[in-house]
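Note that the chains take the letters A, B, C, D and E in the order they are written out, and that residue 1 is the start of every chain.
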Amino acid sequence: MLVNDRRYRSLTFQVIVFILVMAAGWWLIDNTIRNLALMGKSFDFGFLWSRAGYDISQTPIPYTADDTHLRASVVGLLNTLIVAVLGCIAATVLGVIVGVSRLSKSWLFARLMTVFVEIFRNMPLLLWILIVYAIFTEIMPPPNAYRGDDPAASMIFFDHVALTNRYTSIPTLAMTNDPGSLDLGARITFNWATIAFVVALVGGWFIRRAILSHAQTMQDRTGDRPVTWWKNLAVMTVPSLVLIWVFGLHFEAPSLQGFNFTGGLNVSNSLVALWLALTLYTAAFIAEIVRAGILSVSRGQSEAAFALGLRPNRTMNLVILPQALRVIIPPLISQYLNLTKNSSLAIAVGYMDLRGTLGGTTLNQTGRELEAIVLMMLTYLVLSLIISSGMNVFNARVKLKER
Amino acid sequence: MSDTHAQTVPFVRDTMLPSAAPPIRESGAVRWMRENLFSGPVNTILTLLGLLIVWFLIATFWDWFAHSVWNASSLNECREIITATWGDTARGACFAVIRERWNQYLFGFYPRELYWRPTMTFGLLMVALAPVLFSASLTIRRVVLAITAVVTLWAMVVLGAPVVWLAFAVLVLAGGGYLSERNITWLLPFSALYPLLGVWLLWGGSLWGPIFVLVGPALGWVAWRLLSRVSGLLATVAAILVTLVFWMVLAGDATGDAERMLSLSIESVRSDRFGGFLLSLTIGVAGIALSLPLGIVLALARQSDMFLIKSLSVIFIEFIRGVPLITLLFVASLLLNYFLPPGTSFDIILRVIIMVTIFAAAYMAEVIRGGLAALPKGQYEAADALGLDYWKAQRLIVLPQALKISIPGIVSTFIGMFKDTTLVTFVGLYDPLKSMSDAVRANIEWKGIYWEPFIFVGGIFFLICFGMSRYSMYLERRLQRDHR
Amino acid sequence: MSEQTTRQIDRSQMTVSDEIAIDIRNMNKWFGSFHVLRDIDLTVHRGERIVIAGPSGSGKSTLIRCINRLEEHQAGHIVIDGVELTSDIKNIDKVRSEVGMVFQHFNLFPHLTVLENCTLAPIWVRKVPRKQAEATAMRFLEKVKIPEQADKYPGQLSGGQQQRVAIARSLCMQPKIMLFDEPTSALDPEMIKEVLDTMIALAEEGMTMICVTHEMGFAQAVANRVIFMDQGQIVEQNNPTDFFNNPKSERTKLFLSQILGH
Amino acid sequence: QEGGATLAQVMERDELNCGVNTGLVGFAAPDANGNWTGFDVAYCRALAAAVLGDPDKVSFVPTTGQTRFTALSSGEVDVLARNSTWTYSRDTDLALDFVGVNYYDGQGFMVSRELGVTSAKELDGATICIQTGTTTELNLADYFRANQMDYTPVNIDSNAEGEQQYMAGACDAYTTDASGLAATRAAFADPESHIILPEIISKEPLGPAVRHGDNNWGDIARWTLNALIAAEEYGVTSRNIEELVRSSTNPEVQRLLGTTDELGAMMGLDAEWARRAILANGNYGEIFAANIGEQTPIGLARGLNAQWTQGGLLYAQPFR
Amino acid sequence: MSEQTTRQIDRSQMTVSDEIAIDIRNMNKWFGSFHVLRDIDLTVHRGERIVIAGPSGSGKSTLIRCINRLEEHQAGHIVIDGVELTSDIKNIDKVRSEVGMVFQHFNLFPHLTVLENCTLAPIWVRKVPRKQAEATAMRFLEKVKIPEQADKYPGQLSGGQQQRVAIARSLCMQPKIMLFDEPTSALDPEMIKEVLDTMIALAEEGMTMICVTHEMGFAQAVANRVIFMDQGQIVEQNNPTDFFNNPKSERTKLFLSQILGH
């Protein structure tokens, strides 16, 4: 019999499974089609090009209520990315600090960090989002507390930053010699100054690399490594300083006008709260990853390095970190993935991310739940796949060679 | 040779030196402080920083906690009491809201007179889990079961459980304790039956329902026994078919008929009365229990060398892991009805459990895959060489070991899932954190209360999750030890 | 055991100078309140080869780890090549770059190739140009007989090969003194021989060596002096012939009967 | 569902699935024991009484702004009584059938008195709290555009959160349906320090909705609502109804109460359907008074929701 | 080595019948493009005891793993007891239940007791009633001299004991042929003897055995035939006396000199 032959057995089985999966898929699709017909709806993404009609509080690209649902969704996606990127950066920094501190010899500090980690890891993220948001709305003063001759609240950082229960008002960068903007179409513009800075920074980074590789060759040749830190610092900062001077870049402090602070950048509390909560929550996990990564490099490694006469900082750079990073980075990236997915909890604080626009107001106004949710899931999926393929590339590159 | 020995001074110790006391800075509190608090400039700074943080936390929150009010019927009353007792400017916590509404946070809208039912259900859950989670150490088992028994019975008495059910609980708990002393594996049948018992106790209704659910697989087994002489494959297919047909065609009517002949029902409670931690735990436990078998299948499929099976499972797992849980919950509440035949619509809790199960299964599959990968290849080869076929090898050799290795991962998955159950608030269910607090705050008396519910709910989450994570760490360490 | 150290080396060629390489006086060490090393007095001359033996937990490892300050001693003096080990970082650095150490578990850096393992310290500590460091490294790899493995990663080598790389790595710093902490005890029997041979070759070149080992064949073949430790103290020291054939202390006798018995 | 199916389903299930708000005081909210009360809830109970004979045979399905219409179109609920605005696109594109208006509402603004604002026209540059996924969001955008003003929306998820934000001063103004504003304001510790601005920027006719396609079920839902409204017009209350059944001479009342002409049969119900509906929670006026009227903490005046005879817009179609 | 196989067994008692147990003809196997086994021809009679030797990587393990189809061969025929190994599962099952295999690393099931390890396959594959399976298992555990360990878990036993359990486990399926893949190479010297004694006892009972091993003492004591493999080919086969004293091929000589040398 066919199923008794090893060569055909698995083939038979796969064919059966294939048929079953096809049947199930067909069943689902058929049901959906019939349901859509019954409700008099169609599967059609045309609604994306109709007028959205609602406003969004945070718009990284120009957007008004007259724009399409598609543009609203893109705004939402960008908002998702903003909070995800900010969160990943801050969570990494905090997580590394906490993780290293947990290994600190200071008993008290290490214990405090342990408490931090356990508290944040073992309570739902939603709780943290709500708490941080509540702290911001309940404890910070309203903008009009800054009003009057004897205001109840005062701005911090030399009258440049105002913490209110709506937003954190931070200074914007203003230019006296504005070079104008590059128009990319679709009302997306980049200021030439921004471009100049990006070029300066990227260029500086390349020069820095050149300096470092020159130092390396010098070291290889003579054994002495030239001092590089001040050159690097200069390369990275001087062009920017020159540009600041050329464009007349300065801070413009926000000031209270009418109901609100104007002139500065008002970062809404929903963003700040979401960002902080995501940061704290994810940092707790990252701290554990970092700690485990460092501990995974056995003590023998640092002892061997010491015995060879390497100083502690060199030991860290040349021996411990390269090994620990291999252990740290893969789970770190999956934390980035979690953070990105968790940012969809923005709904709890009314931050208009992808879920708030495409999966929220747009879905509601148009009643296209099937299309909207499918599109939203696919977008998240693509984000995840991009992140995790980055991880795979990394893993493949740093894998330790074993027998 | 002689020259090399020139330098050698033969030396023999005739009396052994006694051990001396260490220098003062090497012992006692001084050493501890020196080594643990002030062992260098950086650490000294860190210690001082730590002291600062502790001081700041105490200074900020101490009076708020110290001025707690536990007895009041509204927020305003709380405030009055605080002002009256500690003066005008005093701040204080109003934990009276917890005292007044704890039942809603724990049980949602479950009928008050039936609170003992969920309580008993979760008490018995510990017994059902004993052979799975606490199998290794008799001491842990004893402690867990003893605490469970005391707490459950006490709570049931306080909540006014009927004597019959008290007797039932005593029977099960004592039986569990007894079996756990003898041979823990004898409790496994109870663990297997527990899901049905739990569902019946929570939702109520006729006992015939669960009984007929059991009859299905029993008939399937009979069919398998009869046909397995003919062909293994045929028997398996027949067994599955018989079970499904029985469930879909006969079970419903049979339940009704049996109920008419002999009524075995307890008061039924509808899903919409579930809320608070009862809802979280129900979803969490059901999700894990259901996702485990699904996760095993997915993991085996992902390890399979059949291309199609492997890719299907990879696609499924990666898709589910690539989207946020919240979108899956939206699918449960908005889209599931599209995918089912027109006119079907079923309980939203059930739909949420399905999506949570699928979500957890994808994570579970990865955990179990880790367990499978940790098994040495020799185990598979030995099974092959003994003539065990694939399924027997999986069932008898591979899975028992792989699952045991995976238990810590499974517990972690559960912790994550349990925390995530708070997200059901976004599909209109009463989770303990947001919806329940909103409902409490919707009352004029408690409008404006934030921190106390957060602390209460957060505290419970912390206790459960922290306890479980410590336990899974302990398991992990023990596994590392005795796997050698 | 004796079959492993095939070569009986010619001791007459190995001279011991009068210069003092290591001078330990009245050294004490505690772990917490546990007194690990008690009143250790030990003088090692340049070119001497010392084997330390003793039951497990007797403080052998701790003693040699004190010598290059992987552990801190709390009382007494340790002077290496005229430099006293205090908490002065300068001194520690000087001592460490003159004392090589080989561990039981090799402790090679798994992320670097064998060659990079060997050149890392010369380049970053001694500031030797890379070319030159590599040439030196290759020389020592040849000496330990694995020049062909230079571009492999430690994970790709067998245990014996790894330990030889570890020895080469220490030698690349051109140390005046080598410390070995049970270099062969994590190895399979076939591999022990290759490592011991390498160490014998080193001894023949007149390297000052202190070696914690239970390979009594090795001790008989190359040591000038065998030191027996117990409970943190030096119980007996003597030349190998007398030590093995004519132990004085009861404890040494017991130990020797155990170790040579099976 | 094809004609008549919903009624049959409800009958067979012996329970009405009614979609309501997850928690809006006065309109629909569960109390500490999970019992639902409120203006919308009362309509559900009346409908259940009319169809099934028992006002308690209702299963309340809490729906969020997101899930409400899907719940209806997928058949999860038989009727949606969740303060939803009757709009063109919802009636057509979303394939709903609004069966009438049970509350005439309009979108307004609430601000703190100390802000010194007296008109919505002065809100240029203000921060405004608004619930996402509602028509109010669109109205707000339209209104500010029409008046060439600027504003910053603060999107919130639920009414409870909106109150919290507004109270904390996170927004200058809170906008939602005037009824909701009143309910919210009523619940404040010091209602006097908040004012509801005179401008009503939109029409918000709120009413129960059913699925497109099952006209008979739509009729039942519509005429149950009409029965409640008509009852008030004719002075039929839950207290005097038994009396009127026996003694009323008004032919319209007789038809309504099923003492003459079997009107119920035309919809597949019995003769006494409307009687039961009214008995369940009283007529429209009684329901209004009990849940949101001036005697309640919510304290809404009848306003537009008075009978046409009282200068309001309530105008039940004749029972004939 | 010779001290380990103490007993010189009495070969005259061990008869070799004419029946053919294993017949391998022209068998070839590739791993990817690497040709591991080339034109293997091998006929084993019932009751024969064959030892396979050869340098590492020569394909010894692969050859015996082909015999019970842990590896698939790509060309040629393997007939076990009249059943040809093809991809037909029925045949594979039949062959596997008649061929027992003992691995270098024992591969006992750590989650089952010794007794359960031994009864598992009889109960699930042969469908023997549990009682009876346990009785058989105890008999074989007695034969390998560890009946008292029946209720322990493999992790609680020493390596030698574990390997004897592995042999008992195979025997419980009452195989006609036993394959051993370096059964003693993961064991400490003291334990090797106990396992070899067990295997000799088995040989004395007339079991057909194929054994990959480097224990030349064992080969000389019990083998009817020693097969020398190199680079996937059978280079030489002969009776042990001639094989060891009078090897024909250069490669065999080299190999023997290495293996007996140290």
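Going forward, a residue touches a chain if its C-beta (ideal position, glycine included) is under 8 Å from a C-beta of that chain, and two chains touch if they have at least 3 such contacts.
Molecules present, by chain and UniProt name: A = ABC transporter permease subunit; B = Amino acid ABC transporter permease; C, E = Amino acid ABC transporter ATP-binding protein.
Computed from a prediction, not measured in an experiment: that's the story for all the values here.
Trainee: Give me the step distance from chain A to chain D, shortest route via touching chains only.
Mentor: 1
Trainee: Would you mind checking the shortest number of contact hops between chain B and chain E?
Mentor: The distance in steps between these two chains is 1.
Trainee: Average the CA atoms of each chain to get its centre, and name the chain whose centre is farthest from that of chain C.
Mentor: D
Trainee: Need the central chain here, defined by C-alpha centroid distance to the all-chain C-alpha centroid.
Mentor: B
Trainee: Compute the centre of every chain as the mean of its C-alpha atoms, then state which one is farthest from the centre of chain E.
Mentor: Result for max centroid distance from chain E is chain D.
Trainee: How many Å are there between the centre of chain B and the centre of chain D, using C-alpha atoms for each centre?
Mentor: Roughly 42 Å separates the two chain centres.
Trainee: As a quick test, compute the distance in whole Å between the mean CA positions of chain C and chain D.
Mentor: Their C-alpha centroids are separated by 89 Å.
Trainee: Where the centres are mean C-alpha positions, what is the separation of chain C from chain E, in Å?
Mentor: 44
Trainee: Centre to centre, by mean C-alpha position, how many angstrom separate chain A and chain E?
Mentor: 59
Trainee: Which residues does chain D have that touch at least 2 chains other than itself?
Mentor: Touching at least two other chains: 1, 66, 70, 74, 161, 164.
Trainee: In chain A, which residues are in touch with two or more of the other chains?
Mentor: 35, 38, 134, 138, 347-348, 369
Trainee: Going by the contact rule already set, what residues in chain C reach two or more other chains?
Mentor: none
Trainee: Going by the contact rule at the top, pick out the chain D residues touching chain B in the complex.
Mentor: 1, 22-23, 25, 29-30, 32-34, 59-64, 66-67, 70-71, 74-76, 158, 160-161, 163-164, 167, 187, 189, 297
Trainee: Show which residues of chain A lie in contact with chain C when the two form their complex.
Mentor: Going by the criterion above, the answer is residues 219-225, 298, 300-301, 303-311, 314, 318-319, 322-323, 326, 400-403.
Trainee: Which bits of chain B are touching chain C when the two form their complex?
Mentor: Checking each residue of chain B against chain C gives 1, 3-13, 16-17, 19-23, 26-27, 31.
Trainee: Tell me, which parts of chain E touch chain A in their complex?
Mentor: Residues 87-90, 92.
Trainee: Across the complex, what residues on chain A touch chain D?
Mentor: So the residues of chain A in touch with chain D come to 35, 38-41, 53-57, 65, 134, 137-138, 142, 144, 165-166, 257-260, 262, 266, 268-270, 347-352, 356, 360-361, 363-367, 369.
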